[in-house]
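Here come two complexes built around chain A, the first alongside chain B, the second alongside chain C.
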Partner chain A sequence: MHEHGAALAQLLLEGNQDEAWEYINEYRKKGKDSLYIYEHIITAGMGHIGSLWETNKISVADEHLATSTCDFLLARYQMEKKKEQNPSNSKKAMFLCVESEQHYLGIKMASQLFSEAGWTTRFHGPNLPLEYAKKTAVDWQPDVICLSFSILYHAEHLNPYIAELEKLPNRPIVMIGGRLLSHYEFSRYGSKKTIFMKNLEDVRDWIKRHPPGVKSSVSY
Partner chain B sequence: MCPTKFLPQPYFRISTDFAILTVSDRSLEIYEPSGNFLDLVDWESRNKAAQLLAKKDERAEGELIMKTKDSPYALVDVSVVWDKSEGHIICLQKDHRLAELESIVEKHRLRLAETNLELLEKKEQVEKSLNEIKSLSCPFIKLTKGTALVPLFGNLDQKLIQQNEERIMHKAHDGDYEDILFDFNGVGTLTDEGVDAFIMLIKELQIMGISPSIIGIKPNHAFYLNRSPAKLDVPFLNSLSKAFKAIM
Partner chain C sequence: MTITRRNEIIDEVTQGIYQDFPVLLEKFGERGVEKCREDNGHHLKHLETALFLGNPQSFIDYAHWLDGILTSRGMATEHLVDNFCRLQNAFTKHERANAPKYNEILESAIHSLKKGNDS
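This part shows the complex of A and B:
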């Protein structure tokens, strides 16, 4: 896992889209699934970039370049996966980062796992204020709304987002994820219904228990 | 009076345990008053700060996340020089320089996302109308009490059958039909998967005790129907009137 981190980080920092693609495509062709590629290669790569910054070897400007290369990588990977994917089914999930939150790569991976399992998804990216989130959710009526945050100060948004979204007329399930969840307990910001996900493995298991073809009103 | 008070940038003089000894006025404009320099640093930048400040034999520089009066996570370029047991630090905020870059990146990202979403919506609409067309391509018409006509239109592919088989089975069952005539006059081309699915449907109807038959077969249809490994055991009749005579 560490060697993946360093190897991919290098390519992302160079902005080397083609070789970065080759790097993950090799593993895809060898039969590694999306969970492995997202968690053990791409997340590890971005994590390594974080430690390079912490040891003063790169700057935030470098992180910007790496991020856009990584974003491209995810889009290309999903395009490739779409060819073998089940057609999207009846269940819908929407994805967004809470207000002010710019770290969207993680939730983008989560959204791609849902699509791959046959869910109809909408990805709204970083920084979606609650008002917009509510409006979209009222119109589109997703079964699940996934939120992400990475900056500790943004945890204060969880409470209003969760409360407001859970009481929408179609009673969506609200799911929370982000890097801090594997270290700290955030359940006090949610209700009994809210789901807090520690990593993508949990997400995969949850998706398995909730196949998109089966409509059920409440279950988690 | 200390001349560093008037330095035009945020300046801190610290001791070896990072306690703040003096600051410039500019520091107080930007940062809350604090006893220790590390208290101004974001908790996830503290290790980095401690390492940076520990380099006593050379000038050290690096980025840190710091808490300012305006933001709990401002990006700051920090440089430090030590003179014996005292450190001299200048903190230059970087955010405004990055902000421009960020807004450009963000605009690109939004454009891309919007375009995708628009396309997605169009695609969903098209898929929906396609499904509707497929349902319309397979109407179920009652001819007599025990007989129904199902004219097929368009291409006979897997989708056409999948989309309609459930409806046909239900109607056939609920209406107590004995005979169902599938009319191939409007069928264009056939696919192997479409033929297999059609044969499955016929077999299921037969299990339900219904006698399906096929009318309006053209030579190219026959070629496909016969090519399938599953054999069709139904009468082929070339017109509706013949079909009626056969049934009555």
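This part shows the complex of A and C:
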């Protein structure tokens, strides 16, 4: 994992979209699945970028370039995966970062795992205030709404988001994810129905237990 | 904590730091003062979350993470420890009801930072 982290990080810091793509494509062609590529290569790479910034070895501008290159990488990976899939006509999942939260790559990977499994997904990116999240959820009626945060005190947003979204007419499942969930317990911000995901493996396992199928009136 | 109370604490700590270390204003200007206020805002938000979670370790982890960032940029652990001590005094003065709980967490973080610095 560490060798992947440093190697991919270097390519991301160079803004080298083509070589970054070739790096992960090699593993895709060798048969590594999306969970492996997301966790052990891409997350490792961005984790290494984070460490470099924390230790003042790269600047904010460098980190932004790496993030945008990684964003492209994820989009290209999903485009390749979609060629292998049948079009989905199934349950819907919505993905967003809570208000003020800018770190979106993790939840983007989660949305792509859902999409790969046949869900119809919408990815809303960073910093979506509750009023807009609620309005779009009322209109689109997702079966699942996934929220992400990466800074500890952004957890203060969880309770209002969870409370408002869980009581929407179609009663979506609300899932919470982010790197801090593998370190601390946030269940007191949610209800008994709220699902807290510690990592992408948890997301993958949940998806396996809940295939999207065709929409029905039966709830979870 | 109300916004008013939070600002009182941030004001007191920032003014105290600049009163005791006037060279900071020469060195970092008004932007430095803004950064000091922002940083203390972050400290308070992390403290509130740690208290709500019932998990002081989350604040200690934040303190070490921040210390790594600051020391890699030329600051000393003592600066962060000093800031936390000033927060303790400000809590005692402005947030008496919850001061013991916040100060206990700050004390744990101060102790951990000092221990990390000694090793």
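The rule is simple: the second predicted complex is superposed on the first by the 212 of 220 C-alpha atoms of A that agree within 3 Å, B and C clash if a C-alpha of one lies under 4 Å from a C-alpha of the other, contacts with A are read in each partner's own complex, and residues count from 1 in each chain.
Just so it is clear, contacts are C-beta pairs under 8 Å (C-beta built on N, C-alpha and C of every residue); 3 or more make two chains touch, one makes a residue touch a chain.
Just so you know, these numbers come straight off a predicted model, no measurement behind them.
Superposition of the two structures on chain A leads chain B and chain C into a clash.
In the superposition on chain A, the chain among chain B and chain C reaching more residues of chain A is B.
After overlaying the two complexes on the shared chain, residue contacts for A:Y153 are found with chain B and with chain C alike.
Of the two partner chains placed around the shared chain by superposition, chain C is the only one that A:E185 touches, whereas chain B remains out of contact. By the touch criterion defined above, A:A61 lies against chain B but remains apart from chain C after alignment on the C-alpha atoms of chain A.
Residue contacts after overlaying the shared chain place A:R122 against chain B, while chain C stays out of touching range. Contacts of A:K29 after superposition: neither chain B nor chain C is touched.
When both complexes are overlaid on chain A, the residue A:R209 reaches neither chain B nor chain C.
Superposing on chain A, the segment of chain B with clashing C-alpha atoms against chain C, chosen from 23-31, 95-103 or 221-229, turns out to be 23-31.
Comparing the two complexes, residues 54-56, 152-153 of chain A contact chain B in one case and chain C in the other.
By the touch rule above, chain B contacts chain A in their complex via residues 43, 45, 47-48, 51-52, 62-63, 72-73, 75, 94, 98, 101-102, 105-106, 109-110, 113, 117, 120. Residues 54-56, 152-153, 155-156, 183-186, 188 of chain A are the ones that touch chain C when the two sit in their complex. Taken together, the chain A residues at the contact with chain B in this complex read 53-56, 59-61, 64, 68, 71, 122-126, 151-153. Taken in their complex, chain C has these residues touching chain A: 42, 45-46, 48-50, 52-53, 55, 57-58, 61-62, 65, 68-69, 72-73.
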